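Each chain carries a letter (A, B, C and D) given by its place in the written order, and its residues are counted from 1.
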C-alpha cells in the first residue's frame, strides 16, 4: 500500500492538498492566513518558473516583470476601466504570453546565459515603465486594486462568507482560494512534466544534443516553456494584486526576480514540491529574521549562501537523498 | 556580542516555534505602539532616524512614568522600503501583535499599501510620509505628521515669485518622493499662476551623474531658476554637478534633503541654495518668542546627545507622530481605538518640531504651508531666510 | 537501387585546419557501413556533419536523394536518421525508460491542451510509448532497468540505453559512434550480436569503431579515413588487403 | 549644440569607464568558471567604503587605497575558496545563487560595520573642473579614464605575456586540458576571483569622489557592469571595455536627447537589440560544441 503510494504519479499533489486543507486546523490568526495566502500565490508563480529553470534548465532573471505586468494589467483594467477580474486576468496573461514569445523566440535559439541577460533586460524595462507611467500606474507610490470578483460575487479579505453552511472570514476564504489555485497550478505543472512535452523539456536540460537527434525541436520547446512560465507568473501576479489590494512597482523589481529564482534553486530545481518549500522558507525567513533588525540582511545572505553550498541540489532533493540513503542502509542491514 | 546573538537566536527559535500557532498575547499592561519603518534599503535615511527617535522617546516616556500610568511598548518591523513588506508588517502589527496605535510608514508607498488594512481594522495610524494623497482625500483612521509635498512645492514657488523668478527648470528623482513632488510642483504652478515650469527632467534613485539633465535645463530658453525635488544621495549629486557645470541660476532643493548629512555630501557646491525645511536645522535663529523654539531645541539636544549623530528632519516626523499619539491617548483616557482616533482628530495647537498641528475632520495633517521655513546655505551652514 | 546516404565532396575546416576534406561515399539501404581510421582522422567530425550538428564548409550530404547538409538534427530525425555518441548523451535527469520514450518523441502527437489536462488521448499514447520503450530496452538487453534513474546505471547499460533510444525513433539509418568503446570482451560480443539484429530488421547501420575484430566481422563495407581524407573504401576483404591501409595502421 | 554633445559624451565616457572595469571583472570570472558573479558590485563597494573609513581613521589616502584594494583581493579569494570551491559540483544556477547570497551577506556586513550613510571622498586632484569647448569635465573623470586605461593595459600584458595569465586563459578554454598540462585549476580560479576583486575595488575607489559611496552602491553599479558585459558578449575582454563605454555613452545621450525618464530603459533595450542582431554580443566568441 505504502509502496504503491510512493510510486503514485501525483503523490506530491496529494501531500500538498493535505497540508493546504489541514493548515486551518492549526492557525486562526488572520495575519497568518494572510501570510499563507501570499506564500501560496507566490509559490504558484515559482512552480511555473521551475518548469523553465528546473526542467528546461534555462535561467530567467526577469520573471518578476511578468508577475508585475499581470498584476498591473489587472489593476488598471479593473480599477480604471471597470473590467471584471477574470477577463482582465486572462487578457493580461495573453499579453504576457505574447511578450514572452517575442522575447524568447529569437533568444532561446542560443545556448548559455543569453536568456538570463534578455530576461534581465525585459524585467527592468517593465519595472521602469511601471515606475514612470504615473497616470496609469500611480508611479513608484503604487496603486490600489479592487477585490477579486467573479460574476458580481466579490472575494475580499474583509468580507464574510459561508461555505457548505460554515461561516468563514474573508482571510480564510482567500487562503482556501489561493490554496486551490496552487493545487491547480501544481496539477497542471505535473501533467506537463509527465508528458511527451515534459520529456522534451527535460531533455533540453539533460542533453540538448540528445534531444535534437531524436527529433526534438529544442528552440520550440524552450520558447513554449518560457511562455508557459511567464503566464503562470502573470496569473499569480494578478491574483496577488487582488489579494494585497495595493500594488507598487516593487513586485516587478529585479530583487523580486532574484527572490523567485532563489526559491526555485533553494527548494530544489526540478522538484515541484521542493520549490514550494523554497517559497515557504524564503517568505517566512524574513518574518523570523525581522527580530534581528540590523543583522537581518547579513543573516539572510549567510543562510542563503550556506544552504546552497552545503545543499547544492536544494532542500527537498537533499532531504530525500538523505532519507533514501538511510532507508537503503537499514534495508541492507536487514538483509 | 556572541552571547547576544545566541540569546537572540533562542528568542527567534521560540518565536518560530510559536510560529503558526495563534499568538493571542493580551497586552494587559503596556500600551503597544506599532511601527513599520524603512530602516534599511534606499529610504533608510528616513527610517533610521525615525526608529532612533521612537526608541529613545518611548524609553524616556517610560522613565517618566509612562502614559495613563501604563508603560509604552514599541513593536517595530523594518519594511526596507518595500510596500508589500510594509503591508505584511502592518497586518502583523494589527492582527498578531495587536498594537493600540501605529506610528510609522516612512514612505508614501508603504503608507498607502498599509492604509486599506488599517482602515478596515479601525486602528489609528499616524504616517510619517510626505505625499498629499495620504490625507487627501481624508481617510478615517489615517493621519500624518510631515507637511505635504504640495505645501513644499507651494512654499518654494512662492519664494521664487517673491524674488521675481517665474520660469522654473524642474528636475526630480523617479522615486516615490521625487515623482510625487514633481506632480505636485506642476499642479501647484498651474494653480498659483504667474509661474511656469519650462523644463522637466528626472533622474533615477541610484544614478551617479545628472550632468546631462542639468545641461538640458540650462539650455532651455528663458529659464530663471532650478528646483530639484528628490531625496537620498541623488540631490547631492545634482548639487555638485550644478556647481561643476558653473550654472549661475538661483537653485532650490526640496525638504527631502533638509539634513546636515546633505551638506556634508554636497560640500561647497551647496552654497547659496535654498530649501523649505523645518526650523530644526536652525533652532538658534528662531526668535525667542517662537513657540516651536523650546520643542525644537530640546529634541535636537536630546537626539544628538543620545545617538551621537546629527539630527534630521525625518526623525522629527516620528517625534511629532509619537507625541501626537501620546496626547491623543491621554485625551481619550484609554486606548480605545475609536476614542483615540476621535481625540487625534480634535487635537488643536499641538506644538511639534515640524510645526503647530491643528487637526480636524477635514484635515488629518493639521499643518500650514507656512510651517515650512525657507533656509539658505551660507558659509557651509543653514541660514533662516523667512 | 539508389543509395540511402550519399556523401559528395564533403569538407569541414575549423579555423585553417581541415578536419574532413573532400570525402565522398555512399551507403546502400540495409548495409552495415563502418568508418575507421586512426585517432584524429575525422571520423566523429564526419558523423557530426552527416547528422547536422556541424555545417559543412563545402560539399553535400543526401538522405534518400534529398540534400540535408543545411538541416538541423531534429529535421534529420524526422527524415529517419538517428544516432548515438562517442561521449554518451543521456539525460541524467530522467529515468532509463523516459530516455527511451524521449526517442518516441516524433511518433507522439501531443498538444498543449491534452497535455495540461491529461486527456485520455494523451494517456493512451503514453501507455503505448511506454510499452514500445520497454520492448526496445529488452531488445538491446537492458530490460531490467526500466524505472532506474539514468544517473544510477552502469556505463555499459547506458551505452545500450542510448541505442534503444535511437531505435525508438524508428530510424531508417542509425549512426553509432564508437559503441564498443569502454566495453569488455563479453559486452562487445553482445554488442556485435545486437548490431546484427538491428541490421536484420532492415535498419541501415553506420558505425565508427576502433575494434577491428568487431568491424571486420559485421560490416558490409568500410571507409578508411586518414587525416580527414579517404584512404580506402570497400569490403572488409578489400580493406584488409589494401597496402595503403596497412601502411597507415602499421607504419603510421 | 556641440558643447552639449560634448558634455553628454564626457559624462557617458566617465561612467562608462567604470562600467567597463566592472564588466571586466565579470568577464574574468565568467571565463574561468562560467559563473556570473553577482557579488562583483560588492568588491566595488568594499573599495570605496574601506578607503573612506580608513582615511576617516587617519590613515593617509594612498595607504588607505592600497589597504582597501588588498582587503577586496582577500575577499575575492575568500569568496572563491569558501563559497564557490566547496560547491564545485553544483549547477551553474546554484553557483549564481551562492554569489547572490554572498553579495547580500557582504552588503549586510558592510551596513553593520560602516552604517547606512553615504560618504564623500575628495577628488584625487583639483576640485576645479576643466573647460573644453564649452563643456566641463570633472578632473576626477580623468583619473577614472586614466586608471581604467592603465588597468586594461596591465590586463592585456598579464594575459598575453605572463605565464599565470596564460594559465588562466588556458583554464578558461578547457579546464580538463589545462589540468592535463599541469595547471592547477583551483589556483587559477582563485586568481581570477582575486584579480576581478582588485579591478572592482579600484573602480570603486576612483569613481567614489564622483558618485559618493555607501554600503549599497554595489547593487546598481554591479548590475550595470553585468549589462555592459552582456552587451559586449559575456566572456570577451574587448567586449567588456567596449560594452561598458557604449552603455555609459548611450545612457548619457538618452538622458540628454531622448528622455531622462527612460534613459535606463534605453540602456537595457541595448541588450535586447544586440542579442537580436548579434546573438553573441558585440565581441562574444562562437562556441564550438564538443560531442
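Brief remarks follow.
We adopt the following convention: contacts are C-beta pairs under 8 Å (C-beta built on N, C-alpha and C of every residue); 3 or more make two chains touch, one makes a residue touch a chain.
Which chain is which protein? Per UniProt: A, D = Branched-chain amino acid ABC transporter permease; B = ABC transporter substrate-binding protein; C = ABC transporter ATP-binding protein.
The structure presented is a predicted model; accordingly, all values stated were derived computationally and were not measured.
Looking at chain B and chain D, the chains in contact with each of them are A. Relative to the C-alpha centre of chain A, the farthest chain centre belongs to C. Chains joined by the most contact pairs: A-D. Taking the mean of each chain's C-alpha atoms as its centre, the chain lying closest to the overall protein C-alpha centroid is A.
Rounded to whole angstrom, the centroid-to-centroid distance between chain A and chain B, based on C-alpha atoms, equals 35 Å. Chain D has its Cα centroid 46 Å from the Cα centroid of chain C. Chain C has its Cα centroid 72 Å from the Cα centroid of chain B.
Between chain A and chain C, the centres computed from C-alpha atoms are 41 Å apart.
Residues of chain C found to touch two or more other chains are 53, 85, 89. In chain A, the residues that touch at least two other chains are 132, 209, 294, 296-297. In chain B, the residues that reach two or more other chains under the touch definition are 40, 174. Interface of chain A with chain C (complex): residues 188, 191-192, 194-200, 202-203, 205-207, 209-218, 224, 270. The touching residues of chain D, counted against chain A in their complex, run 36, 83, 86-87, 89-91, 93-94, 96-98, 100-109, 111-112, 223, 226-227, 230, 234, 261-262, 264-265, 268-269, 271-272, 275-276, 279-280, 287, 289, 291. Note for the complex: chain C touches chain A at residues 51, 53, 72-74, 76-78, 82-83, 85, 89-94, 98, 101-106, 108, 110, 112, 115-118, 122, 125-126, 129, 162, 165-166, 168-169. In the complex of the two chains, the chain A residues touching chain D come out as 53, 59, 103, 106-107, 109-114, 116-118, 120-122, 124-125, 128-129, 132, 209, 254, 258, 261-262, 265-266, 269, 294-310, 312-313.
Interface of chain B with chain A (complex): residues 8, 11-12, 15-16, 19-24, 39-40, 76-78, 82-85, 87-89, 91-92, 94-96, 107-109, 112-113, 115-117, 120, 131, 133, 174-176, 179-180, 183.
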